[in-house]
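Okay, so subunit A shows up in both of these, paired with subunit B first and subunit C after.
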Partner chain A sequence: MEKTLKPRSEKKTENFIAIICLVAFYVLLFLLDNYLPRNSFTTMLIPVLQKSSIFALVCVSMNLLNGFTGLFSLGQAGFMLIGAYVYAMLSIPDEYREAVYQYSGGTNIHFSIPEMLQGVIGQSAGSFFGAIICIIIAGIIAGIFAALIGIPVLRLKSDYLAIATLGFAEIIRAVFQWDKLGKITNGSYQLRKYTAFTDMNINIGGNVIKFTSIFPVFIAMLCILFIILLINSSYGRAFKAIRDDEIAAEAMGINLFKHKQMSFIISSFFAGAGGALLAMYQTTIQAMAFKTAMTYEILLIVVIGGIGSISGSCIASFLFIACNEWWLRFLDSGSLFGIVPVPFFRDGFRKVVFSVVIMVIVLFFSKGIMGDKEISFKGIGGFLKDPFGAKRRKAKKAVAAAAAAEGGEGNE
Partner chain B sequence: MSNTILSIKDLKVNYGGIEAVKGISFDVNEGDIVTLIGANGAGKSSTLRTIAGLVKPAGGSIILQGEDITGENPTNIVKKGITMVPEGRRIFPDLTVLENLKMGAYLRNDNITDDLNWVYDLFPRLKERSWQAGGTLSGGEQQMLAVGRALMSRPKVIMMDEPSLGLAPIIVRGIFDIIREINKQGVTILLIEQNANMALKTAHTGYVMETGRITMSGPGSQLLADDSVKAAYLGKH
Partner chain C sequence: MIEFLHTNMAYLLNGISVGGQYALIAIGYTMVYGVLRLINFAHGDVFMVAGLVMIYATTAMPMYISIPLVLVATVVLGFLIERAAYRPLRSAPRMSVMISAIGVSYLLQNCALYFTGGLPQVYPSIPFLSESVTIWGATTKMVTIVTPILTLVLVIILVLLLKYTKIGMAMRAVSKDFEASQLMGIKIDMVISATFVIGCFLAAVGSLLYFTNYSSVIPTSGAMPGLKAFVAAVFGGIGSIPGAVIGAFIIGICENIIKGLGWTTFSDAFSFALLIVILMVKPTGIFGEKATDKV
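On to the complex of A and B.
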């Protein structure tokens, strides 16, 4: 198979189509946020879009570590927790602070970044840009924690690294739940009243434009774009080299620890940002929710999407969240299409079906939906012409038969 | 005589309590092919890995062009101009051939196009397959890729750890032709081999290692004619 560089014009048209698709997608989201009527479809679509874009970001950040740098880390939930808490602590308006921290006997934090901005650029824009600043700070704090944890942990390999990161994630959760820190983290009680997705609207001359679902989708897409650019840069190549062969990478002069540390910090930064978005989505957060089960859920999505595939992680996040929260809900409803009563369609049956679906995927598509490939126009075209590779297998068989007929003379 | 580029003095390497290299000294002259031959476990690979900085020496010194580089980390050693082709090729299987070659030049900030073309001239096969994943190449091609990747760092000294390992005799001959060709273009080569016959025929200077010590040294042709070397490594005739 000979592969050559694509001619410039072909690449340009591809980019053009991609931009058009993207613009169309955002126009749809804009309509959904502002003009489409609320019915049973749109009221489910918005939260599913919000949550799946958050999970897509967190899964891609995990994929950067597991799939591209070859570091089997299970600390994602811990860094999300840091991000979520930092975000919440910085953005609770001062007037609600006493009410939120009432069980911890008040708080020592008496400022709120969205409020400070509101004083400068107005009510709605203040909470909008304040939220963005808080998300960035949340990511940075998560990154700083990752840098500290990385120093001892990244000297370990494979399973040991996984266990150590898992342990650190649990330690982080325990520390945030510690009642002695109640005045900062509110101990094991929840944080609430901070800026959420429903506050994401900008008032322009009396017209309120809502960004309820565009906001998380856009932030997640921006972060994922950054990770894609990183992976395609020379640093990304070094990450992949470390994944493929550490000794050879070291012999090429790549500083293993420095690059692993870099990958770990960047991944944790985006996990922290994802945690902040998750806090916005949930409107209340509690450290209890960030258990290892959450890391496993993320890992599951990464595996279903394909380890080492960014587009796989994104597609799998959407499918996973949509099935879990929406499409398989009818299994719990007690009846089919709301008419036919089915006795075993009751609470919890959704989880049973879901587990079976996951088992089928893991057993029969062990490389995940995308393997380590990415979505491309060529790939989509090929899929439309030849779904599930039936023609390709046939062609391969024909080639093999022809080679056998030649009596193995043509072998290389 | 040409001047010494790399000089090893009384080098000792330990793994835990085991002494792998027990104080060896040798010089590599600029523009030469120098080979270390010896049986399994003689300490050849340990010597090479120590020079590359992958293993820290227990004693002795490594001097590159008058500068002591003992115990430096691998990154600095590659920067200073010593690159290793590791044993068993160890190319990056999921990276393309081109990406593999670019990894060799990872520490360089200057333009690598000329060197890329140079490597492609040396190995036209790699140019044909530049878009293929490294892992899909045959053993011989992978060895070419490993050598090409090391050359991309523009080394003063290139160290090869058993380039003939696991390759068919005809491919091995090709690899040694390439070693000679690279050397002609001015790269100093330190070669480790179990295939003593080929190595000594190619090398200007040879050293024989046995259980962590150098027991014999001399020009390649002289060692090739030596009776004890013949008996131990070449098979009696």
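On to the complex of A and C.
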């Protein structure tokens, strides 16, 4: 992962293109939320965009641990659960509390952050900024839990670490389902009626502007940007050093525990924020859903995208969610293109096809989509000029031939 | 004390029985880990598939054919999984193999979901095992008594097999030192296949006993027993067969006592708490050998 210094002007153009693309992307999203007509395409696109941005965030947070720090953790679902619950508990409006907690005999929480803000800055802005504050708190609480869990767990190595974090995730799930805590967590019953994506609209002078899909995409992108900055900082280089060789890293003066702890807490913070967003997406949450299967799914997305590649994780989560919720739906429908009946196309066939594809990737393309590389505009340009690497291979061969002609002195 | 035992007899018996079933699964984990240094996440799902095969087999065939069929089918499945998903990654980093195991687990669960249509499948009652008996005031199924005995018999056979046969000796050699045993002319691939065959055979026996206590099988019903059996294997010292058996009995009994005390929510969490405590205090488990890291 060497980083070559680029000439300033080239970097500037690249940033410029990136900003233009981002602005164009958000304009499209804005149009999608507010002006585009609802047809079969847009009604599928919005939830897919929402969910895939959430999964991108969670996958990148897992990648920070697994791909960049070399800590094979399987606790992601547990931290998402904490985030989702904290978010929901803080943002259920007071008037609905009795109804939501009816099976647990009422609740001890009698405030709602979005509601408090609504009193100060108005109805829609209150729920908008209240949700953001709740997401941040959700992340912080998940981070605090991670700090506590990290103290004992991070001393373990590779597969023991994996199984211990998995165990903690299960314990967290059991605690949240405990009926004695029913007045806070609602036990094993679901939480609902909290602020969701559909409430994300701001009323400016009578015009309602919707942020249904911009909101999750923007929050996820902001978090991912932070992780990218972290990875490119000196801390990030320390993480990579730990991943490549713990003992060598320690010998170079990197405080192993401090950096592992830091990576673990930050990853869990974003997993918690991702959990909060997932709660917003689903509009109801239940601890039952956050099983180890969820962690496995996230891990497999990371593997598809390439362990150690952030853009890979983002692309893979979009592909995974889009195929799962949208493009491969026809496999479950019982017929091809709605006409030709295929007997084995029934419920669940999509998932079978999916898992076979995943196994093929794991076994034969273990680098995933991106390997450990990142997408760059220069790379895309190069790809367009030379799509299958034929020219590059030719150039390489020419170099090798030249070296051989010199008598191979350069090798040994 | 006697009074306590008497009132909680049902839980205790159940605990011993569940412990025996966990032990049969845990041996599969511990042997595979001993040889390949791999947590075989798919093992719990192989166990679930054995349950499903039993259900489908009994609808078409009499019991005396379907039981051997289940054993054979599970063994073949384990062999094929090793062949297809783990062997190509023999020289890959350990984490890739573990990811492959997670992928296989995902595949098996999704296939089960597809074939069952997501509905719980009713497990057939096996004639002798499903009869009820009363021991010291506690009514239970015959399987509760059969399980610990059968488990112990199978474990003793396995230990003898490992100690006195050629393949057993090869397995021990491979788990001691992978490379050196290769140099000594041991056919590694055959030894690993044999490990999977034995592990899956025991898992199939375990599934026959385990699901007799439950009314139905769903695609995820292998995940939890699998994880708990793994905890048992770690608790006993991974790589050690007596350790796995003792660990499994301890977990099975404790879990059922916790259920008896009315803390059902935490019966699963207990196993994981135990795992974390043992990893903190004695990472090599009760009977595990101390490994030294070479730089």
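Methods note: the second predicted complex is superposed on the first by the 384 of 412 C-alpha atoms of A that agree within 3 Å, B and C clash if a C-alpha of one lies under 4 Å from a C-alpha of the other, contacts with A are read in each partner's own complex, and residues count from 1 in each chain.
By our rule, a contact is a pair of C-beta atoms (placed from the backbone, for glycine too) under 8 Å apart; a residue touches a chain by one contact, two chains touch by 3 or more.
None of the values given here were measured: they were computed from a predicted structure.
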Just subunit B (first), just subunit C (second), both, or neither: which does A:Pro152 touch? second
Output check: A:Asp372 vs subunit B and subunit C. Expected answer is one of first, second, both, neither. What do you get? first
More residues of subunit A are touched by which partner: subunit B or subunit C? C
Determine, under the contact definition given at the top, whether A:Ala238 touches first (subunit B), second (subunit C), both, or neither. first
Should A:Ile247 be classified as contacting the first partner (subunit B), the second (subunit C), both, or neither? both
Does the superposition put A:Val342 against subunit B (first), subunit C (second), both, or neither? neither
By the touch definition above, which subunit A residues appear in both interfaces, subunit B in one complex and subunit C in the other? 247
Can you list the subunit A residues touching subunit C in their complex? 72, 152-153, 155-156, 158-160, 162-164, 166-168, 170-171, 173-175, 177-179, 247, 291-293, 296-297, 299-300, 303, 346-349, 351-352, 354-356, 358-359, 362-364, 366
Given the complex with subunit A, which residues does subunit C contribute to the contact? 37-39, 84-85, 88-89, 92, 94-96, 98-100, 102-107, 109-111, 113-114, 117-118, 220, 223, 227, 230-231, 234, 265-266, 268-269, 271-273, 275-276, 279-280, 283, 295
Where on subunit A does subunit B make contact in their complex? 2-4, 234, 237-238, 240-241, 243-245, 247-255, 372
Touching residues of subunit B toward subunit A in the complex: what are they? 52, 54, 73-75, 77-79, 83-84, 86, 90-95, 99, 102-104, 106-107, 131-132, 149, 153
